[in-house]
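Okay, handing you the structure first.
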Amino acid sequence: MSVAEAPEERAAAEPESEAWQPKIVAFCCNWCSYAGADLAGTSRLHYPATVRVVRVPCSGRVNPRFVIRAFQRGADGVLVAGCHPGDCHYSTGNYYARRRFLLARRLLEYMGIDPERFWVKWISGSEGPKFAEVIREMSAAISALGPNRKAREEE
Amino acid sequence: MEADDGTRGAPTMLQYSGTSLEPLVQAALRVMGDGTRVFAPEAGREVRAFAPCEPGKVPAAGYWATLTNTDISPKGYLLPQTEDVMRWRGGTGNLAIEEPEAGPPAVLLGIRPCDAAAFELLDEVLIGGPFVDQTYRRRRERTVLITMACTKPGPACACDAFGLSPGHRSGDVVVYPSGGRLLVLANSPKGEEILGALQAEGGPGGAVPADPGWAGEVVAAACSTPTPLGERILVQGLLDNPQGIAGALFASKAWDRLAPRCLSCGACTYVCPTCYCFAVNDEPRGQSGRRVRTWDSCQFKDFLTMAGGHNPRPGKLERVRQRFLHKLNYHPQRYGKFLCVGCGRCVLACPVGLHIGEVAEALAAEIAPLPAPVPPAAGAAAGAAGAAGEGSDA
Amino acid sequence: MKAVAQDLTADLARLEELARSRARELLEAGTVRLVLGHRQAWTGPTAVPHFVTTPEAAGLLVTGPGCAAGIAKYVLDEQDKEGKVAVLARGCDTLGIRRMIVDKRVDPEKVLVIGLPCAGSIDPAKVANAVGADAAAIARVTPRDGRVEVLLHGQKEPVGGPPLDGILRDVCLACDQKVPSGCAEVLGADLAVLAEVSARPPVLDAGDAEAEVTRIESLSPGERYAYWADVFSRCLRCFACRNACPACNCRVCTLESYDPKWLGHPTDMPNQFMFHFIRAMDVAGRCVGCGECERVCPAGLPLMSLNRKLSRDIRLLFGVERPHVPGDVEPLGRFEPEDPEEFM
Amino acid sequence: MMAAVKAASEAGGGCRCGERSPLVPHVARIDRIVDETTSGSVRNFHVTIQDAAVHGGFSYIPGQCGMISVVGVGESMIALASTPTRPGPLEFAVKAAGRNTNALHELRAGDMVGVRGPYGNGFPLQDMKGKDLVFVGGGIGMSGLRSLINYCLDSRDDFGRVQIIYGARTRGELCFKEDLFEVWPKAPNAGVHVTVDVGEEGWDGPVGFVPPFVEQVNPSPQGSVAIVCGPPIMIKLTLPYLQKLGFSDEQIVMTLELKMQCGIGKCGRCNIGHKYVCLDGPVFTLAELKQLPDEY
């Protein structure tokens, strides 16, 4: 699944009616959150099917522009999920990511894009329940915000 | 004014009292039909463009008397910065191609003679020749240019250096304000139709045929309005024998001096009413997508970079030379005219003051051995500037 | 104040002399191939970048409040040619050159930075407001008697203008680099008045300079979006902001990448947001605050507002006091384990 | 005015308000793909425009080009390798060099592409009538020449002797091998001279670059026209040899390539001085080219 095409393909198929469901793109670190998502699945934990996971080697790999691109192509919420500070597979990638996203989220907010649509969470490989919980929470929060209409391409 | 022979005689000239442009706009809307949108120069911004203008709230002619021309040219209303060439579905497996529909008709109200003349230059390129840019042509036919004679040239204006004038007759309808009256002149079949509709309205205070003597005076006065740089920018000599001087202009050493400060941005080309270069690119989304044409600029580094990496204009020198010679020599070779109307926008937009007047001055020096086209008055001014600017800086 | 200003005019004239003779000297001695400075524009009150390669051309160099254009970025291209490049650099130019050196894009061996104390450069729009004329109608601005004299095109006599501080560019009012640092040499250090003026603290402190940021932050999200949508709708995509910026010095710009294509060719709103988000974010923590992006923008976009927002947040979040002064490692190139975690 | 718009819109069908934009390609089907080189670097795409009337009306002369496009990727201006005297699919021999041409190489027979054209001036057939023709080709440059060679062979009485000088990097990189080794050598009053840059086992023909090879073949300039087509560096190096043999500037015809976007003289990209390669070219005589700035 590529960053560019995943959300948009589905957007075309789902008209925004009363059956509207938020679309959440989650960039998950291969070494932790991706495994956490896996664990949530194999543990049969229930969480909304609103999330599309994009596997990345590290939260430090996620350039803030990935977030805008997801919003452009129809995401209602974007999650970056990485290892807890101190636990990075590459030792420091998530620390850089933290600085970057602290700034990027404030810049998004400054530009008028709802910062509540953009989440960063630390989820380890063993935290399947936390992954499910974050997705549940985020789905609820994004559902309350409604569809993203800002910085989004016309269909 | 002689009786019109009905086909190609003198244009209809009307006058009406007051300076409201509302009746004229209403006449244009009646001719162009439902859904026609009106755009006019905006006020109250540091950098001004054209903006939507609501019929019923059309400014009076006096409004323009207070404004210089817009900083951003109205070019985009006929050659939009972004427009769909086509949309496709089905990918390479099951390809279907669709051409977009033409947009609604438009009125450009209060366009300056220079900008209307710029569209005439674009017409020659985009509609003329063996191929017709149908998208441009369609939009052109659905757009009315209501030109306002220019009463306030901006400080970088030099239309008269390029064979035009603030009163130049261009566009579909030309409006000349004079005292408390307006002279309204048809300048195209579309303009005739609009003035017909205006005249048909009749009523008290309505438009009546203009007194030819008065009209002649008004137009002459408008055409002789001076521009700040008209006398200082010396380009007319470049039109005499563009083919013959091409080599000398291309080889000029002046480019070495002029080009290095260029930032290779596209500001000059994007504010220019006559720059028409465009790019065509695909924007795929899965198996569907759209092919868009967008403005492009010869000043961009990769404008001409080919698939293998070869770039015939790799440096600023080549690119700056291309822009100015296109305007001052290549276009004249092809069309017998400059590709410049002297609106001065590039001068104001260039962040590093690369001035077409400065370039023209340097080029004039290249062809000095030929009969030098320097009028005495302008020559003195240029000489002074030359002493300060050029002499010691070879 | 009056005496000071008169002497400032004299000091500025003296500085111009010093710049010319130093440039002449360097070129005659063959120490450098090129001296970068300013010269009078063909028309208008501002000076334009001047590439001096002969001792004679050094005579055309000008300095002073008309010199608005940044000249640091030119070093990036010019260093590739044979010989050394000297730059008659104001504080902002100096920061820009240091930015490119820290980014390992400019070879410090190829550039000779000659510092010029600077009292600020004029904002033609402010001059225009002050004298009630079009910005482009201004032919010349001369400091005199604590104020400036403004000569309009087509007029013989200058009109009295506002105080110098009233017509300087915002970036100059907030400048804390009026005396350039880290240069090989600084010209005019003995010019007493200039030294005094350039040693003054910035007219605008950080809070003042960020007043517009504070205002935008106080808007509702909807208002903020509408504000930026209006701003970006006027963007021409000419890339002048990028080309003028000393921090935008990548060999290959992401904005021109085709695969992945981050910036689509259409100038629709999603792409305009992407463009300006990328531009601002990619210079976050590396912006030197020179204001070139905003100065060169033909559409008048308030791009420094985005840069100031980021530099303010870098200050508040990471405790970097002067993010615009290039250090060895930029704020986003390092971290503290104790960095805040406000929404994570 | 509105009447005019209405009439145009009816003529164009629906509310399209006039004729189709020349920038909109026609859907064409790839009938066949021929690997011209053993490395796969050049493939010849035989395509048929799906609208039969458009395909039938695609009338071109040798030396003209078409825009072929993989939707979603881009467009490329490619010389037609087919010959108008032989109706059937249009042939585009394409070397994978950029985004679009690489994408084109990924396609298979049956896939759809966009095609528009024909563009450019084509070869000056009138000026060539009755003359001996010396074709000098390098690599993929043979593509446009092949169109003209076949045209001449199909109108044999209109032209004098046909001499074909062609080279490529290796034997495998030679395009149109069947034409080169089977068909053209047997054609009346024709000669084929092939060289490769690098010799290899099994190749007993000449080895060496095209420019000096031209001198070896030693074609007579008397009543001749030389048509040079290949990579820019080959063209550049060939000219002195032709001049040495006595060919005048008017007798040397060549094709240029420059980046193009529209192909119809509008987008302002492919100019050399006041000439547009897409409209006034791609075929120029050396005499014409000498009138233009050296910027291509």
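In order of appearance the chains are A, B, C and D, and numbering begins at 1 in each one.
The rule we apply is simple: contacts are C-beta pairs under 8 Å (C-beta built on N, C-alpha and C of every residue); 3 or more make two chains touch, one makes a residue touch a chain.
Please read these numbers as outputs of a predicted model, since none were measured by experiment.
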Could you name the chain whose Cα mean is nearest to the mean of all protein Cα atoms here? B
In terms of C-beta pairs in contact, which of A-C and B-D ranks higher? B-D
With chain centres defined as C-alpha means, what is the inter-centre distance between chain C and chain D in Å? 51
Inter-centroid spacing, chain D versus chain B (mean Cα positions, whole Å): 38
Residues of chain C touching 2+ other chains? 268
Going by the contact rule already set, what residues in chain B reach two or more other chains? 279, 281
Overlap residues in chain D, where contacts from two or more other chains coincide: 99
Mind pulling up the chain A residues that touch chain C in the complex? 3-4, 64-65, 68-69, 72, 85-86, 92, 95-96, 98-115, 119-122, 150-154
Residues of chain D that touch chain B when the two form their complex: 1-2, 4-5, 8, 15-27, 70-76, 97-99, 101, 107, 111-114, 232, 257-259, 261-262, 264-269, 271-274, 279, 293, 295-296
Which part of chain B faces chain D closely enough to touch in the complex? 31-33, 85-86, 88, 90-97, 99, 101-102, 125-126, 129-135, 137-138, 141-142, 189-190, 193, 242, 246-247, 250, 275-282, 284, 289, 291, 293, 296, 298, 303-308, 310, 312-313, 318, 322, 325-326, 329-331, 333-334
Enumerate the contact residues on chain B facing chain C in the complex. 45-47, 49, 68, 71-72, 81-82, 154-156, 228-229, 257, 260-261, 263-267, 269-271, 279, 281, 283, 292, 294-295, 297, 300, 302, 344, 347-349, 351-355, 357-358, 361, 385, 388-389, 392-394
Which residues of chain C touch chain A in their complex? 213, 216-217, 221-229, 254, 260, 262, 268-271, 273-274, 276-278, 280-281, 284-285, 306, 309-310, 313-314, 317-318, 331-333, 335, 337, 339-344
